[in-house]
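One chain, subunit A, appears in both complexes that follow, with subunit B as partner in the first and subunit C in the second.
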Partner chain A sequence: MSSTRGAPSRAIRKPRNPFRVYLIPLFVLQFATFLVPLVLFFRMAFFKNQGPGLVDYDHATFEYLGLIFVDPYYQQVVLDTVIFGLLVTVFTLLLGFPIAYCIARAGRFKETLLIVVIVTSFTSVIIKVLGWKILLGASGPINSILQVLGIADEPLRLVNNLFGAVVGTVHAVLPLIVLLLVPVVERVPVRLEEAAAGLGARRFTTYWSVVLPAARIGLVSGGLVAFAYAMGSFTTPALLGGKTTLILPILIRQQAMTTINYPMSAALSITLVVIVAIVTVVGLSVGSGQRARMKGDQ
Partner chain B sequence: MSDIDTRTLMSVSGRPPRARRSMKLSLSDIMLRIVAAIGILFLLLPTLISIVVAFGPSRFPVFPPEGLTLKWFTSIDPSYGDAALTSVILAAWTAVISIAVGVPASFGLARWGRGANILQTLARAPMQVPYVVIGVMMLQFFVLITKTTGVPFVGTIRGLVIAHCVVAVPYVIGAVYPTACLLNTSLDDAAYGLGASRLYTFFRVVLPSLKGSIIAGTVFAFLVSFDDVPITLFLVGSNVQTLPVKLFADTEFSFTPELFAVSTLATVVTCILVLVLTKRVGTQRMSGASS
Partner chain C sequence: MAKRRSLAFVTVIASAALLLSACAAGADTGSSDGSQDTKGPLRVGAYGSTWTEAVKATAAKAFTEETGVKVEYVEGNPSDVAAQIYATSAQGAEPPVDVITTDDPVQTQLAQRELLVPVAEYADSVDGLFENVPMEANNEGYAPPVCDWYITLTYNKVKFEELGLPTPTSWEALFDSQLAGRVAIPDITTAMGLPFVFAVSDGQGMSAGIEKIATLDTYSVYTSSGDMQSDMANGNVWAAATVDGRGWGMVDSDPDQFGAIIPEVAGTDGKIGPRAGSCYYDIVKDTPRMDLAAKFLGHVYADETQAEFAAQTGYIPSSPTAIEILISKDGKWADRIPEVDATVPVDWQDVVPNIADLTDEFNRKLG
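Up next is the complex of A and B:
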């Protein structure tokens, strides 16, 4: 680009970037089948809905985006979605970090454990959901165990509510986060832990003040991936969350297919994308801020 | 041997064995291991339960099953077969097109120089958009295109392939770009300098060095398409139905042992595919899907 602007009389002629040609199919595809449809769809949010499936492009309005800000119903949905995303993120990291740590330090079992995680990350969502429906059902194994142990007197409602949706979504995103965190733990030198032990630190202290801070940036990016995944997940919460789990992706589908209010569906989509983008930007700056501070400490 | 092979070999063999200091297991070590073990069990359990339930004889799926039978496998409705065939054709087209677009793009990005990181982020932008949003937006777009040109897209394989490629190409780039960055520039410069054309160099020098990543990328693209519900849901029609969307719709309204039998078959096929390919290209390349 800058090369084409260069003065032709210059002695050293900078060649045009020859690798541009390799990118043409990609950017043509992304322009025609991603950017254009996205802009056209988001644009709908600013025009009036004219009955099912019809948009009045003569009358611009901020009604739908405004509604999401002021109407308690939509406020609740947005709040529920964020809570859902945060719950999934916290539990994914709480389970994911120990798994990743043990895999990274597992020696000769490392390959086998990694293969297990890779295979589960590619297993279809539907079979996982079906399994959870059995496991969490009123007469399922988990309720039976809880009753035998005397923890619950009668079957607990574990599925078709927020609990079921969170469990299922944590399960769906966990393998991805483990695979992301294993290289992060691998980069924490074993010598660092040995040094801490040699200096008399207890194992808990070593984990808490040596391993976790060293892996912090990886944990932040893993958390952001889990959050974005949860906020956008549809299949699992739709099948395990029941009617009470109304989060943005489910409402977007409802507005697009049942109510057929495209402007509202577009406004909700914009809200979802913007929330995820804001959290990602804030999270990344917090993560890199910590990196800068740690460098400053050295 | 290029430097990529050495790296892979090193990661497979791990660090050189060192004398283990006799570190006593403390309470926090044990806790960590217990949580990790529970986590691995948590990952495997639902799938294993589903597979076992598929062999149970009762009309209502239960665990543990009261016996073993194959009857749900032998009485699978032919409509599931049709849906499975559609899914395979769709996933194959998606994989082929995504590779054709994504592999040259990864190579181009790797050689771009300054600004490559921004371009790479742009190239993977579709990953930042929730699939439901992509589904609705493609539905709108296809309806508009059909209105102006008369060519149908909704409810056709063609429409589904286009929509799936939007999300599959970033996965291919995610698999191939990191390896393409490690390629030795002097190798293809040499081929080019010796008189080979750019095209010949790309096919005979670059592509063979990227083989492992291309295989991994193909699997990612295939499985992203083969498993997709939220995009496909908006784009299927009365004649074109994919396996996961059919299973999704059936799970929403009914709960039969047949669902377990069909998903068991699909999962066994997927697992074998992933296992074989992981053995072939190594765990490192196969774990790049998420990042």
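Up next is the complex of A and C:
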């Protein structure tokens, strides 16, 4: 370890942040409006359902959480949800990083391109979904083109399934991820790319071997945000995924709003939050490990 | 290390917050402001779209002219609005609506929880309230039907002709192999879902209906009939099971393109349907606007209002006088309103206790 790390802190004392106090209202607000209702809701998962909207707080049970672990149907829903989240994350990063790279390296056009990205994010999710429903429909333009070109004999099923849900959700989260990744790419020194080019590396090799590794930590963060967004998304998968894309948020809503089974809804919500928390912690550990290795390399 | 830990903690919390806010945003279908002002507008839970527009143009307009009180709408399926009532009831808070539009299962559930005001507590406060409608309430003591509705098989006439398919007469038509992948059916969580399961059950029980639906090659299992209409208009869907109001509305909008019938239900000796149920307007328990709510119901259940509402939405009035007014204004309704004896009803008292199990079964078979 370097000697500076172990040095006594008496010599250079870091000044305290005078604005820390302003965080207190934020924490209080979060506690009151987020954490407390969340805990109260989660608590229902451990008590018996007594019919629509009724919870029997006299009878504790692990029945609902247990069901998620032992019932193949719920296991499949959890698996489908994770697969959906991972697919959205992978495709968002695959599309988002090159776009962010182009914007970060666009010189004087950077601001204009950023505005374009921001403006696209203003469009309502519903409008985007309706657009996709038309585009991906059995009689929609994509299927028509595929049939005219002879690529498909019959209309492909592009909507009301996992494909449609992933396409729509990637489109919804993409602007956010691009905006997150632009500063990440900006922090990768251009001179690294120039040096690679100077050593004879081709453009793709430079991108693959220099830029991507240098931006790994940002990619992990962006991926975590995309994953959390996908795991919590409801409208897009509900409208573009159809009945075959039964993921946790849709089932949670169904249990809370239609069958009004609050304990089951709470149990499913706990499962969802735990999955996201685990993936986030793992992602952060990977990111931290990489950061440590990079510091070590330097 | 401490910094890293706190960063990790903050990120976990932020991710969880993002996730749950997204869930909450998706689940929020209401627009109530939870106002505590007893002098504020009357809040009515209503289906959105055409339904709300028709209420605005008929009962709400007359109500505001009489009382000077505006009407606000909390839009959503009855089950969505009921879910908000359950939540506020559990907290002991004021209900999110003063009046709720219900269907049979929701009225039954709310009545069982005693979250609706019995008719006896307010009927006398408005002259002639409910006198024109048959008092055969789904739940004794609660509001009688204001309209009845059926499930129709709505189809693309042009496509049926192209495929050489005959005009459908029974629900079996949806299972024709030429319609594979081009059929839309309602999800079991919608008001049409359970009646549709009943429609294809061949009299063998709801589980048999779900089994049969699982064999159907669908384009979509929709949760919004507007969504289905859009798919039919775009040519993605060629046949659908939908509520009669929506079906007749599509026929009226493009009679050359769309057709709709109330088909024969197998296993019922040639009866058509199903008569999916009725719609009701009930006053919600603990509303601070009881008198206003009763006055509003006076307008909703009036013959002229029912007839005008039916003309705009396609749902059949419960009042015989309103039906006469409707037919006298437009003869097409004579063909669309079936003789009740020729139809087969869904037995809601039998179905309602099993809704959760049937929903679960439907999810497992079709998911």
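Observations, loosely collected:
By our rule, the second predicted complex is superposed on the first by the 267 of 298 C-alpha atoms of A that agree within 3 Å, B and C clash if a C-alpha of one lies under 4 Å from a C-alpha of the other, contacts with A are read in each partner's own complex, and residues count from 1 in each chain.
Methods note: a residue touches a chain if its C-beta (ideal position, glycine included) is under 8 Å from a C-beta of that chain, and two chains touch if they have at least 3 such contacts.
What you see is a predicted model; the values in this text were computed from it and never measured.
Partners subunit B and subunit C, brought together by superposition on subunit A, clash. Of the two partner chains placed by superposition, A:Leu162 touches none, neither subunit B nor subunit C. In the superposed pair of complexes, A:Ser288 makes contact with subunit C only, with no contact to subunit B. Greater residue coverage of subunit A by touch, when subunit B is weighed against subunit C, goes to B.
Of the two partner chains placed by superposition, only subunit B is touched by A:Tyr22; subunit C is not.
Contacts of A:Leu87 after superposition: neither subunit B nor subunit C is touched.
Using the contact criterion defined above for the overlaid structures, shared-chain residue A:Ala196 touches neither subunit B nor subunit C, since it reaches no partner. In the overlay built on the shared chain, the residue A:Ile68 is in contact with neither subunit B nor subunit C.
Of the two partner chains placed around the shared chain by superposition, subunit C is the only one that A:Thr258 touches, whereas subunit B remains out of contact. By the document's definition of touching, of the two partners only subunit B reaches A:Phe122; subunit C does not. When both complexes are overlaid on chain A, the residue A:Leu246 reaches subunit C alone and has no touch with subunit B. Only one of the stretches 19-27, 127-135, 217-225 or 271-279 belonging to subunit B overlaps subunit C in the superposed arrangement, and that stretch is 127-135. The residues of subunit A shared by its contacts with subunit B and with subunit C are 30, 34, 38, 130, 133-134, 139-140, 225, 228, 231-235, 238-239, 249, 252-253, 256-257, 269, 272-273, 276-277, 280. Within the complex, the subunit A residues that touch subunit C are 30, 34, 38, 51-55, 73, 76-77, 130, 133-134, 137-140, 155, 157, 160, 224-225, 228-229, 231-235, 238-239, 242-244, 246, 249, 251-254, 256-261, 269, 272-273, 276-277, 280-281, 284, 288. For subunit B in complex with subunit A, the residues that touch the partner chain are 12, 14, 21, 23, 26-29, 32-33, 35-36, 38-40, 42-51, 53, 61-64, 100-102, 104-105, 107-109, 111-113, 119, 122-123, 125-126, 128-133, 135-141, 144, 162-163, 165-166, 169, 173, 198, 202, 219, 223, 227, 229-230, 233-234, 244, 247-248, 251-252, 255, 259-260, 263-264, 266-267, 270-271, 274-275, 278, 283, 286-287, 289-291.
For subunit C in complex with subunit A, the touching residues are 4, 7-8, 11-13, 15-23, 25-27, 29, 79-80, 82-83, 86-87, 89-90, 109, 112-113, 181-182, 187, 189, 218-221, 223, 227, 230-231, 234-236, 355-356, 359-360, 363-364, 366-367.
Of all residues in subunit A, only 17-23, 25-27, 29-30, 33-34, 36-38, 40-41, 44, 94-96, 98-99, 101-103, 107-108, 110-111, 113-135, 139-141, 171, 174-180, 182, 194, 197, 202-204, 207, 225, 228, 231-235, 238-239, 249, 252-253, 256-257, 262, 265-266, 269, 272-273, 276-277, 280 touch subunit B in the complex they form.
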